[in-house]
Amino acid sequence: MIRFNNDYSHGAHPKVLEALARTNEESYGGYGQDVWCEKAAAVIKKHLNCPQADIHFLVGGTQANFTVIASALRPYQSVLSADTGHINVHETGAVENCGHKVQTLPAVNGKISAAQIREEAELYRTSDIPEHITQPKMVYISHPTEYGTIYSRKELEEISAVCREYGLYLFVDGARMGYGLGASGADVTLEDFARLTDVFYIGGTKCGALFGEAVVIVNPLLQTDFRSYMKQNGAMLAKGWLLGLQFCALFENDLYFEITKKAVEYAMEIRRAFAEKGIPAYIESDTNQQFVILENRQMETLAKNYVFEFEKKIDDTHSCVRFCTSWSTKPEEIRALTEDIRRL
Amino acid sequence: MIRFNNDYSHGAHPKVLEALARTNEESYGGYGQDVWCEKAAAVIKKHLNCPQADIHFLVGGTQANFTVIASALRPYQSVLSADTGHINVHETGAVENCGHKVQTLPAVNGKISAAQIREEAELYRTSDIPEHITQPKMVYISHPTEYGTIYSRKELEEISAVCREYGLYLFVDGARMGYGLGASGADVTLEDFARLTDVFYIGGTKCGALFGEAVVIVNPLLQTDFRSYMKQNGAMLAKGWLLGLQFCALFENDLYFEITKKAVEYAMEIRRAFAEKGIPAYIESDTNQQFVILENRQMETLAKNYVFEFEKKIDDTHSCVRFCTSWSTKPEEIRALTEDIRRL
Amino acid sequence: MIRFNNDYSHGAHPKVLEALARTNEESYGGYGQDVWCEKAAAVIKKHLNCPQADIHFLVGGTQANFTVIASALRPYQSVLSADTGHINVHETGAVENCGHKVQTLPAVNGKISAAQIREEAELYRTSDIPEHITQPKMVYISHPTEYGTIYSRKELEEISAVCREYGLYLFVDGARMGYGLGASGADVTLEDFARLTDVFYIGGTKCGALFGEAVVIVNPLLQTDFRSYMKQNGAMLAKGWLLGLQFCALFENDLYFEITKKAVEYAMEIRRAFAEKGIPAYIESDTNQQFVILENRQMETLAKNYVFEFEKKIDDTHSCVRFCTSWSTKPEEIRALTEDIRRL
Amino acid sequence: MIRFNNDYSHGAHPKVLEALARTNEESYGGYGQDVWCEKAAAVIKKHLNCPQADIHFLVGGTQANFTVIASALRPYQSVLSADTGHINVHETGAVENCGHKVQTLPAVNGKISAAQIREEAELYRTSDIPEHITQPKMVYISHPTEYGTIYSRKELEEISAVCREYGLYLFVDGARMGYGLGASGADVTLEDFARLTDVFYIGGTKCGALFGEAVVIVNPLLQTDFRSYMKQNGAMLAKGWLLGLQFCALFENDLYFEITKKAVEYAMEIRRAFAEKGIPAYIESDTNQQFVILENRQMETLAKNYVFEFEKKIDDTHSCVRFCTSWSTKPEEIRALTEDIRRL
């Protein structure tokens, strides 16, 4: 069985593992105060053009999401999110567990727009009874989204502008950031995120690391005592250098960008194979996640050799499924899949 | 100016105030452990046919809502609510502040259905990844709803049945309970609520008391240590007898039912006056809240003599507004308003 | 039986009740935005010499405590309190329920000192690992304390100075404020509290009102959106004018000061009676609460005619008990008690 | 410089790293549902004699502590802990952030006793006003404690008995479990913990793993939906097999027991060296942490070649410091240190 079900089913890129092996005999200070975290922050910052950014290394995506949100909001403030946003649907109410409402906006292809944000912010601003409703204070978007789509630079600039106009923090969940930066039509860079957001993260878990997310805090207001929030939320790894080390391995020589771009190319091969076969996309995605609508018969045929994710029933004879490539996908796996698609 | 803007703009029914005056020289034990709370519980229980119910007196509706929900749910559990539900839109995220997601269902006329509840419960039951999503564990409905509509006995029985099938608690916000029981077409009684729900409350604040809500806990699982939740949430009035006393005054001789029924009759006069004038209802309501769509010109005319609540803009020339009667509405106020409606 | 067990066992001062009766036919805007709350704030402000203060009316003490603390602290910040402080021992963990640690200091006669506060603040300031410990950010004191003792102006000035030096908010729980201001040796005034604290409250529940606490927010940082915190925590009474009205009745003509001073005088009579009898005070108190150490035999004798509060066992033959006077105490009750003490 | 400052300054035991390298090419299901977690649970269970236990793998100690406590307690319930307990002093109020009071008991040598627990439980049981205080519902102890001391089997049996008598959950923080099991005078086994507690964990981070704690849930009441708590609290590692794999490597062939026992033997050599030199222990510890009282001059001398942890000032010329051995300590490091101690 070949796994296309997600992008976190393999260990780490060999260079990451090598780094762990190479340093295993060394000893370091704990809790992220070590030379590797310093180096990793420095090498990431080269891409940001943002010397004042703070960079912290957390273990996973849900943890990064709720720790950042808890650090930014007061109890009566809410976070705006696409209704399809990860924090709204797949984190077991972690944000609410921190006391905050996730205020949802109907997504189009997994994305929300500056206009939708403006409307919500305006509703609060003009409310006669603001103390009876939650105050939207942060916008959460995923890039790429949960459906593999990406924001254009123009869309991000518009969203950022409306956030700044209304005093909302902009937070970008970059669990799959590499695949977004390497997307076929992508025109946004890490520098753009540092310029346009208040806080975002660069995902490692799904992009070549064993685990780890690099949280970049641009807005000084959100930098204060962030390490206290990390510790309080169990998000400060005792052997923090393990995180810095992995990000060093990924960002030195731009390995991160290279391996995720390759994964997107593989995904485009899958996309083309489906398209040529006349199998429709559920949502057109330029990144490593491909959502297609299969006849159930086709689904059963492919399920003999491949693991992929069932998303939902479309009708009695069709289903939406997801195929995911990743940094660990091999060319022969793509060859096999695309041939089997053609044979359907 | 005559106020029809809400049902909490006057003090208390004279009999309630008399009771306070009559007992002011007496002394009582604190925190709801006194003879008046006992008596009030006893007189309310006569209407319930439910000797094992626990009755607690809280100060207000938001407080009752979040205290009950906090006492019932574990951190990963959510409460299902109409998207128009008070806990979702007008309580400043109080439920989320207690750590719980309000999982919304699209309301029809302010109401949700057994079928909608079943669908959500079934989604959780059949999920492959239940630990990634919140568990719906309670259903919150308002009776009457925020739009003045009421559930029929049949609808409540269906909702109750699906809740019991899936192990969900059913919680009824009865902030306006009196107006629901006294609604023109109402076929539900307090006994029905005791039979069909796990916990509900009988609103005093909007129904003749200075303040106060009688929370009736039917399900023994929810009775355990409820007073601890009250104290922890600031919901245990030091001079608790003030609450018991008011409910005694309201429930002895069925004053509660009588004054709210009268308020509904007044509301029906308003409804008829609008209907005869050809002014459409926004939602057909059988209770004390009447939502109508006025031309802006009509709105301005009525605003000269009456205070009513602007709800929202319908289009450039029309608005939805709310007229509310209450136990304190006077016949001459209704006469004046209905005449002015006819003159529009 | 005559009640000396607490200071919240009677309704309200007759003038408060009269105010409620007089205005019962009137109608007002809801949620504390009405003419009586405005007037009450104005009349209280006359005593503060602090025009920029914000005044809000909440229903009870526990509610006031946790709402203020929740509004002031970030999740990793803690509140310093005497270990005997009400928030630490008698509010069912309400502060922790809001997510904050109550960091205790050993009390001397119910009080804490500037030196103790400095020590804790200094521990945090000089910590090598501040992110592993909570940050003390607020100091909570009660005036009078839970043992009836009071802070001198000098003590308050010292505490205030150390709080300002270390950036800690100073919060005074004034549930029994009247009895503190009226204490025999008292040299502090409301103006002192406005000058020296960031936020404090003036208790109504125990000082002549049916219920209600006037929260005075001096520090502009703590004023922002406080009404949102009130609503979220169920601390915004629908008929808010009931609170303003009561405080108007209490503060017009200085009734508040007069009735609490009288209660303290009565307490001093009890104190003298015990002292003359050779019955030792558990703690010397200049306010309405008197803690004495009775022989169990004496306790049983007094218990025949009086209700008082058992505090704790001292040894096999002695117990600490509390006698409380209040605004509702009558001269004949004091006469009876002091005579019975002499007869012991 | 040789590090004796803590037990988490090196990567992992070589066999753990080998396991990661060996499996890096494989692919697995996510979130702890994989063959390695299954195997690890099975191999650990062999030591427990408790087939019905549930075993979950979390990333770190603070995370394990608050996730377990949050899963066990209702909002008004508190956890009893030594005042020196890790959850009370070094986790940034993580437990309070989940809404629960840490109710402290004065520790003796880092430990608390059954008698102390009984006293607190009895206070609640016999309280006249239980709803005004938090309900102790869980006991948290560390084994070994934060001062390196250990509980005897008899002490644990007494604590367990009083917990069961009063319906308290017993939770053991075993972040350093290996060093406790391998302590010189230890008479407790993993089987004892499974027999006597409701939930405990076996620390990996400090005992040979890169990271990871194996939480053993014995009480079925605490097993329900624990994975939901994990996900909600960011404690469910995406690549969960990394945790199972490490515990397999540690528990196959009893490596875990062997390497921690060796570390304790090294610690005993340090202890003897100090004792022979007449340098007093701050607390007598039979495990890998040694706390001694050095003259400041001695401290400075040793600080030239060794990193160790300053704990606190004892007086103007003496300090308490900690020397920690671990699975990664080398014989030549011990030789060097003990010689340098002798030379002091």
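Miscellaneous remarks
To keep things simple, chains are lettered A, B, C and D as they appear, and every chain counts its residues starting from 1.
Criterion: a residue touches a chain if its C-beta (ideal position, glycine included) is under 8 Å from a C-beta of that chain, and two chains touch if they have at least 3 such contacts.
Just so you know, these numbers come straight off a predicted model, no measurement behind them.
Within the contact network of the assembly, the step distance from subunit B to subunit D comes to 1. Greatest Cα centroid separation from subunit B: this falls to D. The mean-CA centres of subunit B and subunit C are about 34 angstrom from one another, to the nearest whole unit.
Mean C-alpha position of subunit A lies 42 Å from that of subunit B.
Touching of two or more other chains is recorded for residues 75-76, 91-93, 97-99, 129, 131-132, 228, 231-232, 236 of subunit A.
Residues 31, 70-71, 74-76, 98-99, 129-132, 135, 225, 227-232, 236 of subunit D are the ones touching subunit B in the complex.
Against subunit D, in their complex, subunit A makes its touches with residues 3, 6, 8-12, 14, 17, 20-21, 23-30, 59-64, 66-67, 91-94, 97, 205-206, 210-211, 228, 231-239, 242, 328.
Here subunit A touches subunit B in the complex through residues 75-76, 78, 89-93, 96-102, 129, 131-134, going by the rule given at the top.
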